[in-house]
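Below is one structure, written out as structure tokens, with a few remarks after it.
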């Protein structure tokens, strides 16, 4: 009896100390699946990374500066669990795939009553809310819009950026970010990426409007993305939906240039039991191409099941299918089926 | 007296908590030596990495899922302590040296009464038992078979893999792994690597039989490795031995193609005192080459001494020598001498 | 009352255990600034990394071996917080920019009454004392000598190295390092880098003399750097100064070869309050070029202010300007202005 209470006190003391002294937290997510990937006419049997979410690990920390002010940092690396390699990310200003040690996030900043400011490389506000209306558990391989939406090719981590987000005002919040291309030459101005969102969340309803404009250099026209994501939780099932447009956008699947695209997706999260959830949906994209070319249409659907062995370890299975059609061109089909495991630490 | 018991309880409490809350362990090994490396006719004075074992660091963790079931992960990076660079590993499907952030291991899996399943990139079962009959402390620079055995060029970490190992049955255990090349084209099937071992360990005796077959693409013939490793601990000295064959194997030292190779090594671990151990041995490889070419023969020996300053910090010195002869070709000699330090954390 | 004392004991117990069991410490520094960089005729608006100090994270550890002897290791990575990429470092033997996972330091070694020995990749003794006479807070972007001194191009981390430093003798200490090029060929000997310093520090006075000689291969003439750095703390202000020479040195800013250079800098650290410090100074470099060419002259100044929000989080602002002139050539100007944040963990 005596010993028990001592133990309890000791644990409290340790917990308190840990939060006071610990200045860095290590965290991560490892997601691997076994399956079959069909890309056009070619089908591969694979062990791949990131069926539900991209694999990652990171260091993060928060320092209390007093008066509600905090200093924050995140260093987050992406990697492929099937190869051990750093995940490559597109540099939006050079259009080159680059491999960075911390390919996901590196920033330092301050937060307080005024909101939060970040300096470095962070997710764009457009990206922050993009998956919120998607079925398939966080919009990776099994999401309906995979290989369907043109807007999948937006730049999520341009870097060289300043970010500001507001505090939460009665469920409303907003964020804005600007990235500097740092690629001005004697004759051409620097490119830039601006991104913003406005979000509302209260009770069963969540909705977010987001916008992003991208110029790789000052000499080229901007590509513009607009999107509305929403969800409504009925308890027995959660309704998901998103609508978006792109302008001057080339396609992620083919090399056909699309001048304007309209796209949407609808889906459901269905909690079958406390440990098993089904999620599925349908997505569509319709776009005009360069002057004179026929319309390009893509449709897709995805369904996935998630079994929670624990809060940190999940098993999953899923299927996703995408189809592309354009008058005068052969249809193209892409699909993925797989079973996998996701573990967080 | 009172304080002491409180301290003891507190430490217990903390230990308990740590094992419950800690979800990631950081570990590593740093091995550097100063020496001289002779490669053919050229001798360099060097500070090199990995005299005894490759330098590495990693994150690993285990989550108890209840009922004997556990979720496990490992993220392990290799690096050269002399340059700070990630260690490059051969991609067996592209034959390109690739540098991966986690170049040694990245997997997630489950273990329990049924054994262990892993998904990702892990050591092949052939690799897991390969060094068990080698002198020179874990088969790196000073092992007799270095620059001698053709089978050194097997692929130890192909990635894109599924792995299963059995539980231990009265000293017996077995493991099997399959790696998918994921490189199918319209005309050629995907490559693959399959690997397996059966091991026995009880009292002074340990023995392991292993087999690995490799195809870089579906169009090429497989390279096949078979090996028997064993050791017997007499107390005053530990006897070590290994025998292996390869088929359709090209050499690690020269560009001569070997069609078939037979190779063996014999060695001793001799504990001079509780803190000082000597290890040495002899290795030989004999192989036929492409039709009509003469036989290729390589012999080598290595000796090393290890002084344990602590369990975690060791000093070592070693020498290894390899010689290659083939009728009609000039002999080739390779050797390394060095003194170094190995530290684990 | 009882609870409080238990807590105190528990914390003590935990602290003691932590220092006994912890074998690795994670640490880092993240420094990002927003500003404008003028390089010759081109000006970019930027979010950059390392206004005051290069961003980094690392693992380090020390094991007590008894009798005053310790085993030590450091694995330190450099990265750019604006892109997440590993920072590239010049390989002095290949003149190629290389990206290493641990691009800053990787070594293992022993320390004790005899001093310290390191094996691997570590800062040269020349580098260790180079910034000690520089204004601008550790000689990065806002230091007066940035884009001014020819000696900025010395190799700070050649790798393949052995290092020894003495203990402190009444304020005196010294260090020496040798790096092996490991690039001998059949016709040309290996390159090498040797570096050393002698330092004195007592009361308000600190001074250090340092020397470094570099040969990329055995066939080329050595480049030689000599430098004297010093500071004197008057309390109300700290005086800073440095004088150096280079021989056979090519310039960091232009491609003009300089045969011999003499350079100096003078500066002040002025603690305005307990949380705000100003630092500024002036630097100059004058060099002969290849036979017959005119003299090359560069001058620069820098000023920066540092506000300490806490010991670990600082805000800063700074400006630095450099000008290069040579008879018969157009003048060149470089400058940087920026505001940023530095956070350590």
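Chains: A, B and C, in written order; residue numbering restarts at 1 for each.
In this section, a residue touches a chain if its C-beta (ideal position, glycine included) is under 8 Å from a C-beta of that chain, and two chains touch if they have at least 3 such contacts.
Bear in mind that the values here come from a model prediction, so they are computed numbers and not experimental data.
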Residue-number overlap at the chain B/chain C interface, same or different (half cut): different
Superposition of chain A upon chain B: rotation angle, C-alpha, nearest 5 degrees: 120
Mean-CA-position distance for chain C and chain A (Å): 38
Approximate Å spacing (C-alpha centroids) for the pair chain B, chain C: 38
Residues of chain C touching at least two other chains: 6, 10, 13-14, 26, 101
Parts of chain C lying in touch with chain B, wherever the complex brings them together: 6, 9-10, 12-14, 17, 23-24, 26, 59, 61, 63, 65, 69, 71, 73, 75, 98, 100-110, 119-121, 157, 159-162, 179-180, 182-186, 190
In the complex with chain B, residue positions of chain A that touch it: 3, 6-8, 10-11, 13-15, 26-28, 30-34, 41-49, 55, 57, 77, 79-86, 101, 309-310, 312-313, 340-343, 345
